[in-house]
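The first chain written gets the first letter, and so on, giving A, B, C, D, E, F, G and H; residue counts start at 1 in each chain.
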Amino acid sequence: MMVWLILLPLLWASFAFLLGPGRGTWLAMAGLFAQLWLAFALASEIVAGGAVIHAIGGWGAPLGIDLVADGLSAAMLLLTQCIALPLAVYAHAYFKRDDPAVTYFWPLVGFLLAGLNALFLSADLFNIYVTLELLGLAAVGLVAAGGGAQQIAAALRYLFATLVGSGAYLLGVALIYGAYGTVSIHTLTPLITAEAPDLVWIAGGLMMVGLMLKTALFPFHFWLPPAHGGAPAPVSALLSAVVVKASFYLILRLWIGPFSSLTDAAGLVVWLPALLGALAIFWGSYQAIRAERLKMLIAYSTVAQLGYLFLIFPLLASAGALQAGIMQAFAHGLAKAAMFMAAGTLIKATGQDLVAGLAGVAERMPVTLFAFGLAGITLMGLPPSSGFLAKWQLIELALSQQYWVIAFVVLVGGLLAAVYVFRVLRQAFLLAPANSVVTPVPRTLEWTAFVLAAASVLLGLRGVELMQLVGVT
Amino acid sequence: MIEILSTALLIVGAFFYFAGTLGLLRFPDVYSRLHALAKADNLGLGCVLIGLALQAENVAVALKLLLIWPLALAASAGVSYAIARRADSLGIAPWRKEKQ
Amino acid sequence: MKRLLVVLGAACFVVLLIGAMLDLAPASIALHAAVSANLPSSGVEHPVTAVLLNFRGYDTLLEIAVLLLALIVILAIGIDSTTDVRPAASPVLQALARLAAPLMIVVAVYLLWVGAFRPGGAFQAGAVLAAAAVLLHLAELLPGWQSPGLRLRLGLAGGFLIFLAVAAGLLFQGALLEYPPEQAGWMILLIESGLTVSLGLILAGLFLLLSRDDGDRS
Amino acid sequence: MSAGLLFASVGVILFALGVAGVLLLGHLLRRILAFNVMGSGAFLVLVGLAQRNGIADPVPQAMVLTGIVVAVAATALALALVRRLYVLTGKIELPQDDEG
Amino acid sequence: MNFNELLPLAVLASSLIPGLLIFALPESWVRLRTALNLFGALVKLALVLLLIVGVQAGESYGVHFAVLPGLDLAFKADALGLLFITLSAVLWLFTTLYAIGYLEGAPRRSRFFGFFSLCVTATMGIAMAANLFTFFVFYELLTLATFPLVVHRGTAASMRGGTTYLVYTLLGGAVLLTGIIWLHHLLGHTDFAHAGIASALGSAYDFQLQMIFLLLMIGVGVKAAIVPLHGWLPQAMVAPAPVSALLHAVAVVKAGAFGIVRIVYEVYGIEFAQSLDLLLPLALFAALTIVWGSFRALFQDDLKKRLAFSTVSQVSYIVLGVALFGPIGTVGGLVHLVHQGIMKITLFFCAGNYAETLGIHKVSEMNGAGRRMPLTSIAFTIGALGMMGAPLTAGAVSKAWLMDGASAAGMDWAIWVLWTSSLLNAAYFLPILWRLWFKSVPKVWPGEHIAARGWRETAWLLLLPPVVTAAMTLAAGTLSNNQMSPLSWAKLIAEREYLHETIIRTP
Amino acid sequence: MTGFELPIALFLLCNLIVALLAAARGPTAADRMLMALLFGSTGTGVLVLLAHGGGGQVLVDVALLLALLAAIGGIAFARRAWQRGGDD
Amino acid sequence: MIPSLLLRCLLFAVLWWVLAEGRIDGWWLGAIAVATATWASAVLLPPAAHRLRLVQMPGFVWFFLRNSIRGGFQVAMMALRGRSALQPGVLELQLNLPAGGARVLMTSVIGLMPGTLSVELAEDRLRLHVLDVRLSLAAEVGELETRIRALFGVGP
Amino acid sequence: MSLEFVFDLLLALAIIWSAWRSLSASRLDLAIVMFIVFGLLMALAWARLSASDIGLAEAAIGAGLTGALLLDAYGALKRREA
């Protein structure tokens, strides 16, 4: 079942390519629908029967490559498919037929999703490298597709960041292979626990730094805002919501998996990601508060929100930190996708992308603004959203380990998020200037964003199943 | 006997290579350096190939080694012509002794 | 300032890492032994090919996807379709290309065949095919691509699809890419043949797509 | 010092060189070169370190082949982007950060 | 899910579902919207009535859902909650009526009534929350639902008011959240219970509990507008009159005050709170707020601002009542929760009527308005007198109980505070009454819009609500010994809190 | 194998490096392109020598490929990269 | 036409055999290779009117090898003597060869002959760069031309 | 110090030198050519590491494709500049 999650997008992506430029929408929809079903089925299977292992080629690690679906990966798979389907519907309505960005949109999306799903399932460090590249190049392609100079420049910046990131990761893998003779995560874990020469420390550091670069953790965030802010809205949504999470997922996976003995012994090093995360929250929020363009604001908000994910690292010693991180990933994923979609709709309707130009949209486009507001609630971590649950868990964990500073950062981060979210809402609630024109947009655009935003809020009312799923190892 | 011949050919080959490099260093302009490379180096390669082919365990292997030579010759003929032509069309004048 | 920092950092990194490498004890797992042990049931005799298409065939599957993806991205970025007329290439060059291209095809198939028992294989073969195409293009014998038609797209994606189909087909009776040992040989050859053509086309496409927009205006 | 270890060390140096290049070079084509140098460095380490005792290991070799394909794909993509950027703006360098 | 579990949810749904439906309605479907509004309000009233009957009969209503492992969204309908629920449900009906009249023909009404309903839903949630987590969820929901109402006019001024409101409430919310999570971490739950849950921890945690109390009080104190956290309330006066009514009487401020009641009685327990020395500081802050609010009200010319500062002062009566250790003070505080709501909503309705009908926004413009709008002005007079604590009004009842409570708790200084406040109340209300009734009518009103729509005075939908609430003010003052009166409910609650000690006020 | 292959390969490598150094220093663009030629011949030579010096018959394939493809770089340079107004 | 293709077919088959180092177990793949290569060469290089005279081939190859070695040796000597040995110049020839393969072959081969390097082939005029103008090159070039004419079966 | 090691060492130095030159060369065309040289030297290194598969790939890619791609791109940039 989990293998189909990888094969299916590859299949429909290649067939969409075969069909030719601009074609393949319905193929993609059907594929995405099936993937969503598969992800749900996989999740319930895991909840019922524990983690699933698929030995590709029947060889088994370390000779072959294993696919492992445990709670963590199933949760990420679920998140990805949940976001992808509404996004596809949105994208179909968003792009005009002759938009240059759409010529090869579906194949690129297909490969991107295949990369994501493969990454979440892989239990082999080198295979993960390949999936990272698949993911990275597809993402760059989506940013650049049919774009103008700014988009191309953003794509290039993104490309170099992602290439350097995966290069560092690859070197780390090379060193690991040199040291132990295997790259299978599950074979490595006991080996590293038994003995870790200096080389492995360097390898671990390289991999972490590379992945942080790809996650756009402060101060490696420089590439994210132009790329996410400049791409077409559906692409921004996909990138912000899931793509950056993929490398975060990897960091987490390595941190609690093969490198757990290193991180246990590392002492203060565990604070480094959290420190950077905190700085990301402050800096990203500050930039979002200052941003003049709506999508830039949202992109910087991504920088800030990613910071939360890294706050869990010092807390990982206690149970529940993982759950908090995944909850935050879900909250941000759903909400940010919705927000970018809503922003795309607003920009399409108002014909400009300045925050200052949004006056009156609350009256003209209530559904979209509602979606934006609901997503904002999740980002601020206000109840009853999933963002709130994540925040609650984070603060409680921080208090239970007496890491006051983390609790403080989370709270302040929420308030800063409120500043930039309400900056937009405030503007939207103003009366429209007399000369403003709002072009009608397809309803699909408004409602798909709304559905995701509502999902991000409603998840806050029922997180038990998700927590249970994440707990399966 | 074959070993001695082979070794000798290898050494001769090395000498031609050396000469080619020397030509590259000493010749004054593109055209004359092309002469050096296209002729001397390829001759060196030929000698080396023949020398090694002598040691080959069967005919096919020897022929394979020898096959490389015409390929290399054709390649260098093509490239040196392309470079010379391009240099000429860009107006790079050949070096003349009288100028000095 | 930045320059100095980077250089210093790089130097420290090099010293540290090389130092750590010199201290390294032998690895505890010897995969090459495992590869040799399982080579007979892999369907090929050359260990690297066995790893590439059998033991870690999944990597290769994704790798082909990456390559195909790169081509699609280049198509998607969109390049100016201004094709200007280039002066005819010299007949010498053209003759060279005309002669060399068939040779390269033989060499490519040879590499594909040889991959089963010694170094070589689909990728190298594809690269040689692509080189032939590049040579022909440089000699003005092969026009640059505008936007590939159906047949070309089929060629580009075909190898990948064959690979995918074999992998998925095998999934129905076991694991992904779990070849039955007695049939592994021809399956791998089938995949490799498809890949050779597709890889050749894709790699050639990378050049032919990119170089089409500006000609030699000298 | 075995050949493997020697080339692994070379790989480390190349990697450092490449990273420094990507960080310091403004010209995008050069950055692409630097990225490739970096990748080659990682490949050398992968094979070299695994073969430090002199026994050939097919697994990292296969990995490197995969890696090379990926690197080629990335290079072509980067070149396409650079050329597109150049067509659109006439620049071969990335503009400075405009926002933050 | 049985009936007793369903009923609290039905109370929530009776405003939530109409609210969501209203959002979806096109702007022009006025009738359906009105029908939905009123239907929701009436259904809610009926459900609340069911609850009251049930609770008096000793039934317990509650339901909970797991949100996360170990974290429940829990509701219960107990006597204390019902006091607040009833108040809100009744006043919501009138406010809705009033708002329908007030906004007739105005734009963006779907949005307005949608959020209006959400607001009430949040208030119901606050009233029925069975633990601090649930309380917080709805407390923040209230903030979010009121923001669009505050900025409803969409002008720059309303944006400023709305922003101030947000800054205060969100900061307060963050502090409150910290306190709640801290408490949750210490206790493992935050369920409300009689006599509190905090005392279970033991004396080692006293300091932490004091800190948590501080955090919680700051958190809810923002909405309750305790000095110095009251800054948003006068600013929020930019909102339309029904919203002001909602903010001051039905929902926001009340939610803060109610939160204080819940925290003191059911989280800490009044006795435990007393033993931690928490009540005196709270009382002091309440007293400060009472005096300062009244004092500031004196100098406001803007009618709604004067009323707003009056609210700041009056709400702290409730807090003061809570902080007075002893059952009599408790009764005083609780009963004022209801009485203040009725009186203040009357005043705001009237202020809205003056503004809508005659364009009067300032005290100085009110000369002779009593003759132009007699019914409104009578209602206003009753409300104002109630605020001053004049006999026969609801205000008199609360003040009497509060003063007795103060002396029973041994805090005689509080009596002086109350007296001072009454004096100040008189000082800022009497001039208004004087202008209303005894000054001559000006030649032109500042802006007379809906001069005669059917009724001589103003639209009947604007007139009915203040008249009814004024009547209720009088009723609550005169019939306070009736079994269904707010006072009786307050006594019932206090008896349960003080473990069935009979409460007899000795005059 | 006569034992001479490796020394000669080493000699050729030295030769190659010296030539590269010289060519890299050369003033014109054409000088740089001479490297392609150099590789076509010298690199191929080194590879076949290595093949016989213990590297295995496979290296002959590599040499063959190199001989076959080295031309492409040179031609691409001549036809595409070498421009007037360059840095010559 | 057909014989020419058969000949190429044979050539490619030999090439395959050489590449495969005599192994014949991959003959069927080899057959595909040969077929494809023949097809490609038929498309790229349609068999021309002037067929190569195979009889002349060994003689030409021998001539070529001889001169090529001589050329390498000569240039090596010049390199050893350094710049002073040079007296470069440009020579222009009028080719008496049919257009197409013959001229191309001439141009390519002359680059490997002693002392000459073709610079530009335009129609029937070939410009040469010579290392030493003092050497009598005309005779050599003339001989090469004759041999190529013979090879291509063109009358003198 | 065996002859092989000398060879390897020399090759290693050449690789590092060419990589360095391809990044530091002031002329872009030189940088690209140095990069092609680097690729071919890498092919030699792979041969020395008995990784002929990679050597084949590197030779084919480096000589046939990457070089052509880079040179073509360089030419395109140059042409528009002129």
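Methods note: contacts are C-beta pairs under 8 Å (C-beta built on N, C-alpha and C of every residue); 3 or more make two chains touch, one makes a residue touch a chain.
Quantities reported herein were computed from a predicted structural model and do not represent experimental measurements.
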Contact steps required, at the very least, to link subunit C with subunit G come to 1
Considering only chains that satisfy the touch condition with subunit B, which of them also satisfy it with subunit D?
C
Contact distance in steps, from subunit E to subunit H:
3
Far-end chain from subunit D, centres as C-alpha averages:
E
Centroid-based (C-alpha) most distant chain relative to subunit H:
E
Comparing D-H with B-F, the one with more C-beta contacts is B-F
Subunit A to subunit F: how many Å between their CA centres?
47
Using mean CA coordinates as chain centres, what's the gap between subunit F and subunit H in Å?
10
Let me have the rounded angstrom distance from the C-alpha centre of subunit D over to the C-alpha centre of subunit G, please.
40
When the C-alpha atoms of subunit F and subunit G are each averaged to a single point, how far apart are the two points in Å?
22
Two or more other chains in contact with one residue: find those residues in subunit A.
126, 130, 133, 137, 140-141, 144, 152, 175, 177-179, 181
Contacts with 2+ other chains: residues of subunit H:
4, 32, 48, 50, 52-53, 55-57, 60-61, 63-65, 68-69, 72-76, 79-80
What are the residues of subunit D that contact at least two other chains?
8-9, 13, 17-19, 43, 49-50, 52, 56, 59, 61-63, 65-66, 70, 72-74, 76-77, 79, 81-84, 87
For the subunit A and subunit C complex, residues of the former touching the latter
3, 7, 10-11, 14, 17-18, 20-21, 54-59, 62-65, 67, 100-101, 103-105, 107-108, 111, 114-115, 118, 126-127, 130-131, 133-134, 137-138, 140-141, 144-147, 152, 175, 177-182, 187, 191, 197-199, 202
List the residues on subunit D that touch subunit A in their complex, please.
8, 11, 15, 18-19, 22, 28, 31, 35, 38-39, 41-43, 45-46, 49-50, 52, 59-60, 63, 66-67, 70, 73-74, 77-78, 81-82, 84-85, 88-89, 94-95, 97-100
Which residues of subunit D touch subunit H in the complex?
1, 3-4, 6-7, 9-10, 13-14, 17-18, 21, 25, 27, 29-30, 32-34, 36-37, 40, 43-44, 47-48, 51, 56, 61-62, 64-65, 68, 72, 75-76, 79, 82-83, 86-87, 90, 92
Within their complex, state which residues of subunit C touch subunit H.
48-49, 111, 118-121, 123-124, 127-128, 130-131, 134, 138, 203, 206-207, 210-211, 213-214, 216-217
Which residues, counting only subunit A, touch subunit E once they are in their complex?
360, 362-363, 366, 370, 373, 377, 380, 382-384, 388-389, 391-393, 395-396, 399-400, 407, 411-412, 414-415, 418, 422, 425-426, 429-431, 460-464, 467-468
